[in-house]
Amino acid sequence: MVNNDIKIGWSRAEMAQKVALDIPDGSYVNLGIGIPELVADFVPEGRELIYQTENGLLGMGPVPEEGKGDRELVNAGKKYITAIPGAAYFHHADSFTMIRGGHIDICVLGAMQVSKDGDLANWSTGAKNAIPAVGGAMDLVAGVKRIFVITQHVTKYGDPKIVDECTFPLTGKQVVECIYTNLAIIDVKKDGLFVREMAPNVSFEYLMVKTGAKLNQYIKAKV
Amino acid sequence: MINKQINSLSEAVADIFDGATIMIGGFGEAGSPIELIHSLIDHGAKSLTIVSNNTGSGHVGLAALIENRQVAKTICSFPRTANSKVFPELYNAGKIELELVPQGTLAERIRAGGAGIPAFYTSASVNTPLAEGKESQIFNGQEYVLEYGIKADFALVKAEKADRYGNLLYHATARNFGPIMCTASKIAIVQAKKIVGAGQIDPETVVTPGIFVQKVIEIRNPADESKLVEEELSYPW
Amino acid sequence: MVNNDIKIGWSRAEMAQKVALDIPDGSYVNLGIGIPELVADFVPEGRELIYQTENGLLGMGPVPEEGKGDRELVNAGKKYITAIPGAAYFHHADSFTMIRGGHIDICVLGAMQVSKDGDLANWSTGAKNAIPAVGGAMDLVAGVKRIFVITQHVTKYGDPKIVDECTFPLTGKQVVECIYTNLAIIDVKKDGLFVREMAPNVSFEYLMVKTGAKLNQYIKAKV
Amino acid sequence: MINKQINSLSEAVADIFDGATIMIGGFGEAGSPIELIHSLIDHGAKSLTIVSNNTGSGHVGLAALIENRQVAKTICSFPRTANSKVFPELYNAGKIELELVPQGTLAERIRAGGAGIPAFYTSASVNTPLAEGKESQIFNGQEYVLEYGIKADFALVKAEKADRYGNLLYHATARNFGPIMCTASKIAIVQAKKIVGAGQIDPETVVTPGIFVQKVIEIRNPADESKLVEEELSYPW
């Protein structure tokens, strides 16, 4: 077991940076609400990415200066954004033509649960009196070429989010390609989950304890 | 002479009848036609079905329309927002119906309604609870669900510029559902920040051609919804 | 019988004028290729009509001056046109959203045959070595609210174009509301064809001879 | 840096392979990318399926591509034009296949292909020979036929302005099929009369967002097809 006094795992910023490193130059990218939004802060030197926001902008730029926001220039999370030179506005049907039509290269989403087969649950806990709200998540996972998930490895109650089978209602089946957590980067392969990288001071055994599905190693991890 | 401009908010919504289906533009407050919605509250039509991406914030605009118990059913993708209390309360009390539709499917169903497409197939929602009970078919080895076009009696839409023909330009991400809602409704009622002379909108840049619009009204300084919510105002005030 | 030396029937221009009189103020109108194009020349005083051309323009204006045409500003017949102030350009899918979606009020089309039920055949004679070409006719008759036909009453061989059943391949079934020929204006009603107006020196008997379907009179015609 | 601009016509079409499906923009000569088509003739790819509204005029552009026997099949709405002799001859000789599609259905099938819609229902062609053998269904008491989305390997499109991201503006009725063809093809190759700097196209006016475009080439003075036809020129010249 790992000593609990030393820092374990990556910060949210480090997680976002790991995702950013895996996005090829020239990609069209849609970032989900929450941690995924941080990914835009870590584009590696020399790469140019184009961000799409499903509410009608291709070429989303940085957050505007405090007080300079435009109420009608917002992202999917309804936060103020800007548009880069070379951006384009369009209506919702055209926006989902991009998404459903397979034109977006990568979408980075948050998760409530991800299964060993890459099933994603991220829109509803299925609780009785929760207001169901799906937004664009189902369209994104059905239409975007590659789905990356960025999430804490476990819930705030310590329950694993990576599980054999999702117990929450699905957003999509077999859609996730890679999971970036605070503890590890895990690829979803046909023959199971493979740990590609572990965060500092995380052992494979520790990771297994925190995970609700079988994990495989590409090569024998250093214990 | 064709002139779709009208001059009073009450006249704009006068024809809306009880039980009507109304599409309301906006993604959150961006593009939400708040003056038209408030006028619909004054007007009082009841048992409405509202097609809109969200359900409003605070106690103004769309939330106020719902709070005023004019809405029997909402068709939307995301009926939760940071400051939305009205819809959740009524929903949990079983006093408002909800048809939850993935955002892209909602957009495409509206677009289909406007384009005379009664139904189409999409892969969104396959293998999820939202596909339950829906007809599905395999194309090229992949499963798709059948979704139906949506039409409305009215649309309430916010634009940046309009002319007497009803040609529209929008501002930034306030465009969102406006253009497709105009196509899918019998009477599209538009509040524009400025009405300009015919010919002052470059035909290459028109976003909504006038054929899709029936009424336009100039609202030069639309209210700032976020501000009203922050100030905890309620409509009617 | 009518004396063949006196002028019988309307000219093409007169036919077009008759159609124009029946188009209400403020209508959105699509004009087919050929005689239908003439309709635009006869808008009655005080009416404003908006012409749509399915290749991407709402607000088609008059033919430009000789030599002033733009190769890329043409109508469905590929003839030079102009755009009125207040026009809009759009792509083909948006254009047929207008058409298929029922947004165009009236479409005026030519015909090879029209049946007593309002079936229209205007795209193919079905001849073996004719190149089949349909263009937008099927979309127009399926989507536009009201379909007017403007046509010579008989073919150049003297055969009736208004028939019991079309022998040529259909463009659409039960789609025509009114037929404007050089001899008469004929309404297509549920209970048959009704002659609304006859051209100068055309008798109902003459009209019946030239027509391949039963004709009815709203009121007893003057013989 | 993203830069989709390329500088030679031969490079523009270099990847086109035998048997490819290619969408070619244009309504008659308006919007027809004649330089790209001629470059495809030089390139020589064979057994192509061409999706285009017409089949070209005279012996240049699309007609020349067909005359050069590079086209196995055409999917179009109107394969006849005043000066088209090439297609009719080959068709009557059984040397080229034709899939005839109503113009609006063709447009919608292309749009569906680009939008990830595998199939949709339309009333166009119901009760006509073009509906024979097609699946049909009744919605609201009216019959509709099922039509399938079309995708292509490549699109050849003509635009007025482009930038390095591939954002496009068009000119007048030359817009026609260009925007939807860009969405429905893996590689959309665009000849633009002018390539401008990023940011010089107002984001509110972009017609084709760059995501749908893979290659742009500047062709400042595209040939005038009508003139070439009048002069009875043939490509290759």
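Here are some notes:
When the chains are written out, they are named A, B, C and D in that same order, and each has its own residue count from 1.
In the analysis below, a residue touches a chain if its C-beta (ideal position, glycine included) is under 8 Å from a C-beta of that chain, and two chains touch if they have at least 3 such contacts.
Note that this is a predicted model, so its numbers are computed, not measured.
Contact with chain A and chain B alike is made by D. Of all chains in the assembly, those touching chain A and also chain C are B, D. Centroid analysis (C-alpha atoms only) places C farthest from chain A. Counting C-beta pairs in contact across A-D and across C-D shows that the higher total falls to C-D. Centroids of chain B and chain C (each the mean of its C-alpha atoms) stand 37 Å apart. Between chain C and chain D the centroid-to-centroid distance comes to 30 Å (mean Cα coordinates, whole Å).
Counting partners per residue, chain D has 108, 111, 115-117, 122-123, 170-172, 204, 207 as the residues that reach two or more other chains. Residue positions 57, 83, 89-90, 93, 96, 99-100, 142-143 of chain A are each in touch with at least two other chains. Judged by the touch criterion defined above, the protein chains form a pattern that is neither an open path, a ring nor a star, and not fully connected either. By the document's touch criterion, interfaces exist between A-B, A-D, B-C, B-D, C-D.
Chain B contributes residues 108, 112, 115-123, 137, 139-140, 142, 144, 148, 169-172, 202, 204-205, 207 to its touches with chain D in the complex. Remark: chain C residues 26, 28, 48, 50, 52, 57-59, 83-90, 93-94, 96-104, 142-143 touch chain B in the complex. On chain D, the positions that touch chain A within their shared complex are 1-2, 111, 113-117, 163-165, 167, 183-184, 198-199, 201, 203-204, 206, 209-212.
Chain contact summary for the complex, chain A toward chain B: residues 53-57, 70-74, 78, 83, 89-93, 95-96, 99-100, 129, 131-140, 142-143, 169-173. Considering their complex, residues 27-31, 53, 77-82, 87-88, 91-92, 98, 100-108, 110-111, 122-130, 170-180, 207, 224-226 of chain D touch chain C.
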